[in-house]
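We just call them A, B, C and D in the order they show up, numbering each chain from 1.
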Amino acid sequence: MSFIDLANPTRFLALVQRLLPWLAAATVLAFAAGLAMAFNAPDDYQQGATVKIMFLHVPAAWLSMFGWALMSMAALGTLVWRHPLADVAAKAAAPIGAAFTLMCLVTGSLWGRPMWGAFWVWDARLTSVLVLFLMYLGLMALYWTTEDPARASRAAAILTLVGAINLPVIKFSVDWWNTLHQPASVIRLGAPAIHPAILTPLLVMALAFALLFLTLHLAAMRNEILRRRVRTLQLMKADNA
Amino acid sequence: MRLWAENLACVRGGRRVFAGVGFAVGAGEALLVTGRNGAGKSSLLRLIAGLVRHAEGRLGLDAGEAELSIGEQAHYLGHQDAVKPSLSVAENLVFWSAYLGGGGSCEAALSAAGLSELAELPAAYLSAGQKRRLSIARLIAVPRPIWLLDEPTSALDASAQSQLAALMRTHLDGGGMILAAAHGSIGLERARELRLGFEEFGPAT
Amino acid sequence: MSALKALLIRDMKLAFRVGGGALIGALFFLIVVVLTPFAIGPDLALLSRIGPAILWLGALLASLLTLDRLFAADYEDGSLDLIMTGRAQLELAILTKALAHWLTTGLPLVIIAPLLGLLLNIDLAAMKYVALTLLAGTPALTFIGLIGAALSVTLRRGGLLLAVLVLPLTIPVLIFGVAAANSAIIGPVPFGPPFTILCGLSLASLVIGPLAAAAALRHGLE
Amino acid sequence: MNLGAHADFIVAAYAVAIALTVALIAWVALDYRAQRRILLELEQQGITRRSQREEKP
């Protein structure tokens, strides 16, 4: 199945319909394994049982960055290769990426609460994720306020690519901003070397989350293709009325 | 019911658009307002609808509903169609019917305008002609005695124009009044003509 | 009455549909509040002291800047002419549109304010009062901003000039809003007096806003 | 499996994670059902896409 072949929405839809049940089953299995291992993992010597939140927080952080990377690839697809499904992939990925970024922020703040005494301490890594979350919301607002998908797709693609280039710069400047003003030294979130007994559950949970992202993304792409099909049919209905 | 005006003058943007305009339209009668572009055809209709203040002259409606202004007893069909793209065709019409005081049935109005099977479609997908027919449907959905039509046939194809002519005829037969601003004939047989813009006017004194 | 109800429902529908501006104000508020610590620095003690001021400035800007399209959108597609030939009183129609704008833009600000209070390290107990002042103050911002929205149609001028014209009118609301909010946190001044004055200002603007906007529309439109 | 002193934070974190996942799944499922319903309605009214018409001679 060559890449171009997938460009045809109908063939892509058929593929997704066949694939989704298997992917969903794989996701459930991965989560079952991941959660079992996570809850039997030993407590961290420093943070005690709260390390179990890391099994949610770190995969969610990886997914939030994976989501933007995926959208940047899709943006290239729209602008460079004019791939018909590129914008569908980008528009479908935005809300899912935003949801996982929000999950990362909330679990991060819940994880920080016992250590810092406050829900939010402008920790450098969490702040960068917060900025990423704002960029996701901006993109979703762009999709939500433009009626015509073609126009929205080019604007969103450009914004995504500019965002992707800016992310490392934002990361660096926030780190600099944080260390410059930070009076007390704060335990860096999840930075210490991870004990293998905790590492394997983390990786399994990360796999489970990745499968969840993939399943949701394919399903959301399927919905987007149907939504665009409805739009063209409605336009045709108005034309020949 | 009789709509009359004496020595009407209108100033817009410091320019005297027209002056000394008088007319009288009784029940069942129609008035075709003609004149070159910029002669103030639209301004006259907007003035009657109460959207614009008149500089001089008097405007009155005999035997109308006393507590309602002329504008509230008239339908103003302007150049724009007042159609919201994100609302569906039916939602647009139902809103205007509820806001402007209803009375007529929206389904009948939609079928008269030939839009009934597009009712659930977002209005963004309508063509200019279909949007024009949707605003014409408003005339039927909310029965009002006076129709102020500003180039009603713009963007309409031949069949829609004949539909409009039929609607206007039934409105006149029912004792209604029509004042229409247009260049050519719009299918109004028994219309008297009011020509604007003969005298050249300098800036308002 | 059903005419105004229909107008309220229509405006709410338009705001939440594609192309509507429902939560844009809340998003703008979120971004403005998140930006300030980058300027001020992550010092929590300082942030909690000026937290209410940041929230209030964010709410003020979010309310005013999203009001610009309130009448302009209807003017451009001809709906404004029809609204003015409606049988409902123009002032009441404008009041209804302002209420719809407040429900889709002002209220979301009040709802997400406690969340942003976490970012600014405002503790939960005081946050209740800050949210209360925002609840009482944002209607005033909307009704005062109405005048700018009406002028933006009659003068055919874009948003920023009118925000500049209307912003001075919102100074009393800002002063008493932040005073009431701060009194809940730092508290030399008791919460009562500034809050009641804020409510008074809101009620006054509830009347003055629509009257001024209706006058501007009636005499300004050509 | 005791969750130690900060048990409620751990439970809260997992609750939020589950809530967000359920919300995403619900959004995807409901959106799918809605689009299919509109699509079926349109097809019943005899409005078919060009490619579908080509397949049916």
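Here, contacts are C-beta pairs under 8 Å (C-beta built on N, C-alpha and C of every residue); 3 or more make two chains touch, one makes a residue touch a chain.
Note that the coordinates shown come from a computational prediction; the quantities given were computed from them, not determined experimentally.
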For this session: Remove chain A hypothetically, without shifting anything else, and describe the chain groups still held together by touching.
Result: B, C | D
Problem set entry | Chain whose Cα centroid lies at the greatest distance from that of chain B | A
Exercise. Any idea whether B-C or A-C has more C-beta pairs in contact?
Worked result: B-C
Exercise. Going by C-alpha centres, which chain is most central here?
Worked result: C
For this session: Give, as an integer number of Å, the spacing between the C-alpha centres of chain D and chain B.
Result: 48
Seminar exercise, completed: For the pair chain C and chain D, the C-alpha centroid-to-centroid distance in angstrom is 34
For this session: Calculate how many whole Å lie between the centre of chain A and the centre of chain C, each centre taken as the average of the chain's C-alpha atoms.
Result: 33
Problem set entry | For chain B, residues that touch 2 or more chains besides their own | 85-86, 117
Seminar exercise, completed: For chain D, residue numbers touching 2 or more other chains are 45
For this session: List, in ascending order, every residue of chain C touching at least 2 other chains.
Result: 18-20
Exercise. Which residues, counting only chain C, touch chain B once they are in their complex?
Worked result: 2-3, 5-7, 9-10, 13-14, 17-20, 76-79, 81-88, 219, 221-222
Exercise. What residues of chain A sit close enough to touch chain C in their complex?
Worked result: 109, 118-122, 127, 130-131, 134, 137-138, 141, 144-147, 174, 177-178, 180-183
Exercise. Okay, in this complex, where on chain A does chain B touch?
Worked result: 147, 234-235, 237-239, 241
Exercise. What residues of chain B sit close enough to touch chain C in their complex?
Worked result: 12-13, 46, 49-53, 68, 71-72, 74-76, 78-87, 91, 94-96, 98-101
For this session: Show which residues of chain C lie in contact with chain A when the two form their complex.
Result: 18-21, 23-24, 27, 30-31, 34, 37-38, 41-44, 118-119, 121
